[in-house]
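Each of the next two complexes has subunit A plus one more chain, namely subunit B in the first and subunit C in the second.
The block that comes next holds the complex of A and B.
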């Protein structure tokens, strides 16, 4: 049986689907913006903030992806991020901001090493160890903070002195006004044309005043795709998470693969932590990570253990967060957006899953009614938006989620 | 059978005096085995005789305590599967070693990838896989995801994995245990293809008919030692089975008794997914066999009767009571019991201890106390079961996973019979178990039948069906044929009925669909 010549990449379902989804969402957002006049919805300001808020979440998600793809559940990402923040702040204060970034990675790798030794070598339950790492990290961070920053100007037991220097930004020339060139997308955004200025605003948000750190993060996502799906190393690493015994029987060093994965995972988590102390702010503060490690894991699940999906999940969180930070009244409009999206999904799914479509149409109606009868969303609910969005998506797509088959299962040679 | 008897080349692989001890157990002692190129060499023996340990040694997964391993006449040491692969030895595992989430190609090239500039070269890998699969007639789409493949295709992927690595010796560990008859024939075709290419095949099995049909040479392992080695052409089944068990074997067909008691399981036009209008009656003291090629609705029929699968029409009576709308628990209370077809997935909690498994769903516990589990009583009851069925186990506190397949199955049979059911559903009750356990299970099923139990036996093993059943119905594309008394059936006729080549016999009694 000779398979037909494979379809070109731009026509394969896993490319076509997301592209159509993006177009549909853009259409819906644009409609809602025009109807309600909420320019912030697709403004480059909000999108830029989205990107800035999404970076640590996305890195945390990528961290989880590396680890889980190799079959090691990593619930310690939050803790590894905490270590990353404290190490990053210390080196950032002592040697400059880029040294801080590097130190964050090193700190995360060390925390990852602990997780790897305990779960891979000693086969301890991965969830238990992850939770332990989180608890341990809080204490270690406090300890390091006291030891390293005591008596320094502006520092205390829960706060570091400011990091020296900042990480620069870059704008794309011509399109987003980098290096004194015209800012074409910015002008497009100002026209308030239906759809076009929305696309312009969103693109400009991604291209204007982007931190070099963000550029590095994007490169890491692309690099992860390349390494995990297009190298022999990546195939072996994923095989360690899909069927370790099979991999072992073919001479793949499963434990070593898992070590690599968890170390990379720790490094990425540490990097996410150092972002918080070098870009998002310039000091270490206790409790700074604020659960972003866990949100990152949610983004990874949302993205079905795939890098592109993880990025999408991180952006979703970041968007809800950015909107709430910059213009919390706009969150009210999100309800209308949800209604429109639900209706669109209901129409798309009408043929194949009529019952689900009905439910979604009904939900959309409810959302619309809520939108019509209220003026604002309580702030608590505003903060919960990203979580609600995730829950909604997880509930509707859970059946199709495909996690690595051996996540959470310690591997022992010869064991059944 | 052995055309190269005149000028035999030196053995490709030779095991000399292999011994292996585990704490408390001697798994192998003084095993000798010589496999030649272009030969299908069967290694037979009961489960637990030490075949698996021997193969693990040959594949580098275990180190022998004594003896030596020769490749092309030279002593080698295989410290790991990677060494074995490098030496040209490949293993086709019984429980497939395939990552379901990955594609066929990824599974095959894993660990031996072609790379270009550090990146995976899928194109050349795909070409290589196609080449191998065409040369040996193993038809699989390299870009299919393994989870979408059937059992036969998965096995082909396993064989591809081994061939892709340039193996000259292929070890097949109980390859037919998971296959249906049609797939077994296809496998034997593939094996012949491998032999024709000059490869050596080591074929591990405990099914004598298969061994006699496919192999060129047979080595018998008993109690860890090789007790006989001869060309298949010189073997006869009785001598072979005596060698395997070290004594006489009970034949499946021995005594037979007509049913004629009260009907305790009655299906009238039962419909479920993949089951169309199933009508059957099983009386007390009778075994009704359901024959059929796998995938014709047998699994669904059993699940529908057990109440695990939704029924869309028809009726079901157990012991004279309407049970169509009862749940599984209600049906069990009416006296229904079941030996499911997949003991690992459906019958046992593998990490749990024997006594916990034996007490699953047992009404005994409830009778003593409504809330508390009486561990001592449970252990004692399990101990009696273990002794009664001759289950080989150090204690009732070891996990079920520690038992061999045959002993696990005996535990399941014992548990289901222990509740003194009125109706027993037995789906492939002796699949993948050794001849010893098979004999015990057959014996117990017959005893229970003679005591008035009604048994619905679903099987793929035609000898078992014909040997045990009183009447047989054939299931084809979800439909049941009318019942035929077993006296009127032969293996050939049953085979024709299973493939639809013979029109269904007319039987007015079952004519109401």
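The block that comes next holds the complex of A and C.
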């Protein structure tokens, strides 16, 4: 028997796995880029757009994560986001852009409070309440918009006046050219070297011209990891979602934990809404959220109810969106990328699961054949790419997904 | 007592709709005379206006129609009843029926959303003229279809873009890829190619039907336009409704040009962004509405498809700010050629 010496952190499987995966994907993308000459694939422009489009999705996903980790399904994220956009635009117009950000959070927390009262205190079915919050939010938003914005310059019943001021951006000095320093990654990207330029372009996309709001969002993800996994509060909160009865018997105030979780969830959803009215654009517009609350939930499921995975899911959606908006012709190249990735997976799994490997190799061949015989993806399919990507990933990883055990189950003390 | 019930329901609907209309406009509209009065007042007509979702006060589509109605009131002395449907648009049919039943003639249905409700309501009121804007699919003897030759205005701004572009790359951001939207890109492309045959035009539609979110996604429009500017385009035209704001923001950030749509956006967009707008491809809903009401008031209502193009003054381009400068004579020349029929602008992308 081997002595149980703990391995150093960089050799633990949950670190090694993702790192290898990232390297493999980078290799594949780089190969496809050099073969097809589609520089946009790893260009800092597309990656920057990815980040900007991923922030609201990621915050929505994080919102779902907080709530579901404590055992409360939150399908009302979309509605909480809508409330966040209205409140954010109103305060942003009246008191400036950062007040708008705060007001969005407050609006989201209020919507979250409603969800908490109904589901935690009264034990109403969480899914039903979530849907109700979404429907209610649409009506409330229209009402507030008419009350607050009608008659103001540039506004109407469906649109707010522009928010005052903007949130600044920052570029990392030396590496990405902030404060007039050299833009090393930018130069590396321009060389179009295999692998190095790809890494350079991707890094630069994440470091160049980043909104301060995005910095806050990233800090919130890290903060969530810290609070949920490294504090007693977080442990209790997660216990309320894994086994509320057991947690209760050990003195954890389950209902209070669930309240906290849903309030934070609402606040994060509201923040996602205020991002839409302060950074992504500078007005409230009816229908602006465009289902991003639900996509955030998908990102959370994709990420197996974990912050890092959720961020990964959000970036995937953001990437598909960005590529389609900036370079819709490049979507065709994604088929080749899928083929390459499938072949790689086939080679990796050859020894342990030969049959699955065979299927993957075959799928890869099919994808390659499709790539070779077509010139472009039908436009309808281009718009479906993010959803197809999620579906693909969910299908392939569904076996390993594990949601908190008591999501969706109202908790009654001493009840069945 | 079913009839009493129906009457009550009708009154309630009427009151609610009027309240809704007032709510959306801030209470500024003058309601027309009651139904009995309008029948008594011989010679003078009472126009019924059923606005599109959003109602008056939207600073674009509905307000342009409203401007035409206001002009008709001032110039022709007609009175008008203006109603807005609810937010979900579930009572479109009731609004039309209500206006027709209370003796309004003509009844204006603003927007293609009314196509299906109108097809149901119009046959029930054969002596009422119904006017539907932006729809050519409802073909009934008492229906007037008003459409616009957006491709002609797009042709002119396409030519303007090609004349003003110094990089030889221009862009287009559309809202939702539907045939009416494709008229914009078709005209724009043709106009730009007429000036510079080899010009590079990149185009993106923000969503595909049945997803109509492309008209309310300023963030996506901004990313799309930003991509075009990054790739060297120096002028981007948008036909994406409210999303267009994102295009202007991207233009501002990049220090480049954008082209507006529907109304003179240099005047309406607000101080901060006005100076990035080179020109706008306009659609004069007010001109069309005024002419239709004029014909009706003169006792000579016209039915069937009424197209408003450059010739009729229904579409055009703007010169606010004088940014077009020396390009203007050439555009003016093209405009005259289109009016004279020497140039035919395509309506679908080649």
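Assorted remarks:
As a convention for this text, the second predicted complex is superposed on the first by the 413 of 416 C-alpha atoms of A that agree within 3 Å, B and C clash if a C-alpha of one lies under 4 Å from a C-alpha of the other, contacts with A are read in each partner's own complex, and residues count from 1 in each chain.
Operating definition for what follows: a contact is a pair of C-beta atoms (placed from the backbone, for glycine too) under 8 Å apart; a residue touches a chain by one contact, two chains touch by 3 or more.
Nothing here was measured: the structure is a model prediction, and the numbers come from that model.
Once the two complexes are overlaid through subunit A, subunit B and subunit C fit side by side, free of any clash as defined at the top of the document.
By the touch criterion defined above, A:8 lies against neither subunit B nor subunit C after alignment on the C-alpha atoms of chain A. Look at A:142: by the touch rule set out above, it reaches subunit C but stays clear of subunit B.
More residues of subunit A are in touch with C than with the other of subunit B and subunit C. In the superposition on chain A, contact of A:245 is made with subunit B only, not with subunit C. The superposition-derived angle at subunit A (between subunit B and subunit C) is 130°, Cα centres, a multiple of 10. Of the two partner chains placed by superposition, only subunit C is touched by A:326; subunit B is not. Superposition on the common chain places the nearest Cα atoms of subunit B and subunit C 39 Å from each other. Put simply, subunit A uses no single residue to touch subunit B in one complex and subunit C in the other. Against subunit B, in their complex, subunit A makes its touches with residues 1-3, 6, 226, 230-232, 234-236, 238-239, 242-243, 245-252, 402, 404-405, 414, 416.
The residues of subunit C lying in touch with subunit A in their complex are 23-24, 26, 54-55, 57-59, 87, 177, 204-208, 211, 213, 216-220, 222-224, 226-227, 230, 242, 245-246, 249, 268-270, 272. Contacts from subunit A toward subunit C in the complex involve residues 45-46, 49, 52-53, 138-139, 142, 146, 150-151, 153-159, 162, 276, 280-283, 285-288, 290-291, 321-322, 325-328, 379-380, 383. Within the complex formed with subunit A, the subunit B residues making contact are 61, 80-82, 85, 91, 93, 97-102, 106-107, 109-113, 115, 118-120, 130, 139-143, 161, 350, 401.
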